[in-house]
Amino acid sequence: MKDSVKIIIPSHPKYLSVVRNVTSKIGEIYGIDETIVNDLKLAIDEACTNIIRHAYKGDTTKRIIIRYTVNPGQYTVVLEDNGIKADKNKLKGRDLNDIKPGGLGIHFIKRVFDIFMLDEKKKKGNRLILVKYLK
Amino acid sequence: MKDSVKIIIPSHPKYLSVVRNVTSKIGEIYGIDETIVNDLKLAIDEACTNIIRHAYKGDTTKRIIIRYTVNPGQYTVVLEDNGIKADKNKLKGRDLNDIKPGGLGIHFIKRVFDIFMLDEKKKKGNRLILVKYLK
Amino acid sequence: MKTEITDFKGNKRIKITGDIDMHTSPELREVLLSIIKKSKNQCVCVDFTDVTYIDSSGIATFVEGLKAIRASGSRLFFYGLPESIMEIFRFSRLDRVFEIFRTFEDAFGI
Amino acid sequence: MKTEITDFKGNKRIKITGDIDMHTSPELREVLLSIIKKSKNQCVCVDFTDVTYIDSSGIATFVEGLKAIRASGSRLFFYGLPESIMEIFRFSRLDRVFEIFRTFEDAFGI
């Protein structure tokens, strides 16, 4: 188990606020700078939103697993779902100059995380690995 | 999965604040009265404290699983550990008139939960089932 | 999230309180688009002072509102954005797409 | 949790801010017992105004403090308890074991 916290929520948007709160509290416990914690909150929220929207196509009865592991210098979050496998080539945000609704989530995730990696080894569903290096 | 939220924390007291936050947020999501939410926070916190203290004898590297399920009229929390099995006969708070440190945790749990049940079927460790009926 | 609508000299003010996320943005969308639909050569201004959080679904809602309002001849104003939220608009390069003011008074030049 | 100690006419005031739980009560215990050890025929008063949470380990710490202070001839006062915390002391039947005042002024009759 080491120093991991895991939370499993139904794929319903009403639980996103629970996840944001857990992200905040973990940031506090590890003394992470508040500005960074705010960016992490948004990024992890967007990753969950994408799972609900794209992997589960809006089905709110599935589940999302989020695991936080904080080690000296490294903050890792792993998100898992059992939904439709993501098409790696589509996994990118829109051109920021092409103003239209949507297409910002991936930008918000990559803004704060140094590593954004879809684990190819997972058989069913998706496992997204996000790593931020801490100073 | 239904409407359950599950959180798994290391058996270290520093994570208790995460659990309290999750309890608060779930209360908010389901529109539970704030006074009751405060009592639930304390009760679930005490159940975790007891696991760390008694089931794990202070070992902070084990884990605690907490599952919340809210259905109309019923709020259920199930806490699981892999520690030493509790002696049912010792599972009671002290006489409230015998003033001394300790012995209040079980009282705080039973104050708000209508059902306090140790699941005998669990092979290793403990599974504590707490149910509060909601109006 | 909570929204509160008030009139101001023939204009509309929407005060938003709380978190705007995937769960609450559908309600915001409904409020915003219905006001825009009814507006004509007016100002619709959104008070962000007590917005505690916004994610991409909230931003998408406002981009949609902006497209809708342009068709109506009205204008969409924002004011009172907390710095953390301003930063998100800046990063998304939307700080120059939306008309963002510091205060309500700034927005109306009063 | 944070503790802040100030002197008041030869008495000690401990202001606690935040959550008192199994994680933070060991620090509170250390602060409280070291002050009690040094006190003699004094008042040690604890300001609960900004205590946001207390659990049984926090209460156990204060019960321990009370037993220690009785040996020293000093007195332990509490004041500023938020209603939710007062309720926990009441339920535990400790509201009459501890000397609890509404305000600092009440405690000292000033």
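Labels for the chains are A, B, C and D, by order of writing; each one numbers its residues from 1.
Keep in mind that, in the parts below, a contact is a pair of C-beta atoms (placed from the backbone, for glycine too) under 8 Å apart; a residue touches a chain by one contact, two chains touch by 3 or more.
Remember, it's a predicted structure, so these values are computed and weren't measured experimentally.
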item	value
Distance-maximising chain from chain B - centres being C-alpha averages	C
Centroid spacing, where centroids are CA-atom means, of chain B and chain C in whole angstrom	42
Inter-chain centre distance, chain C versus chain D - centres from mean C-alpha coordinates, in Å	48
For chain B paired with chain D, centre-to-centre distance based on mean C-alpha positions, whole Å	26
Sequence positions of chain C contacting 2 or more other chains	none
Interface hub residues of chain A, defined as touching at least two other chains	14, 17
Which pairs of chains touch, using the document's own definition	A-B, A-C, B-D
Footprint of chain B on chain A - complex, ascending	1-10, 14-15, 17-18, 21-22, 24-26, 28-29, 61-63
Chain C residues within the chain A interface of the complex	19, 21-23, 53, 55-57, 59-61, 63-64, 67, 84, 88, 91-94, 97
Touch list for chain B against partner chain D, complex	12-14, 16-17, 20, 35, 38, 41-42, 45-46, 49, 52-53, 96-97, 99-102, 104-105, 107-108, 111
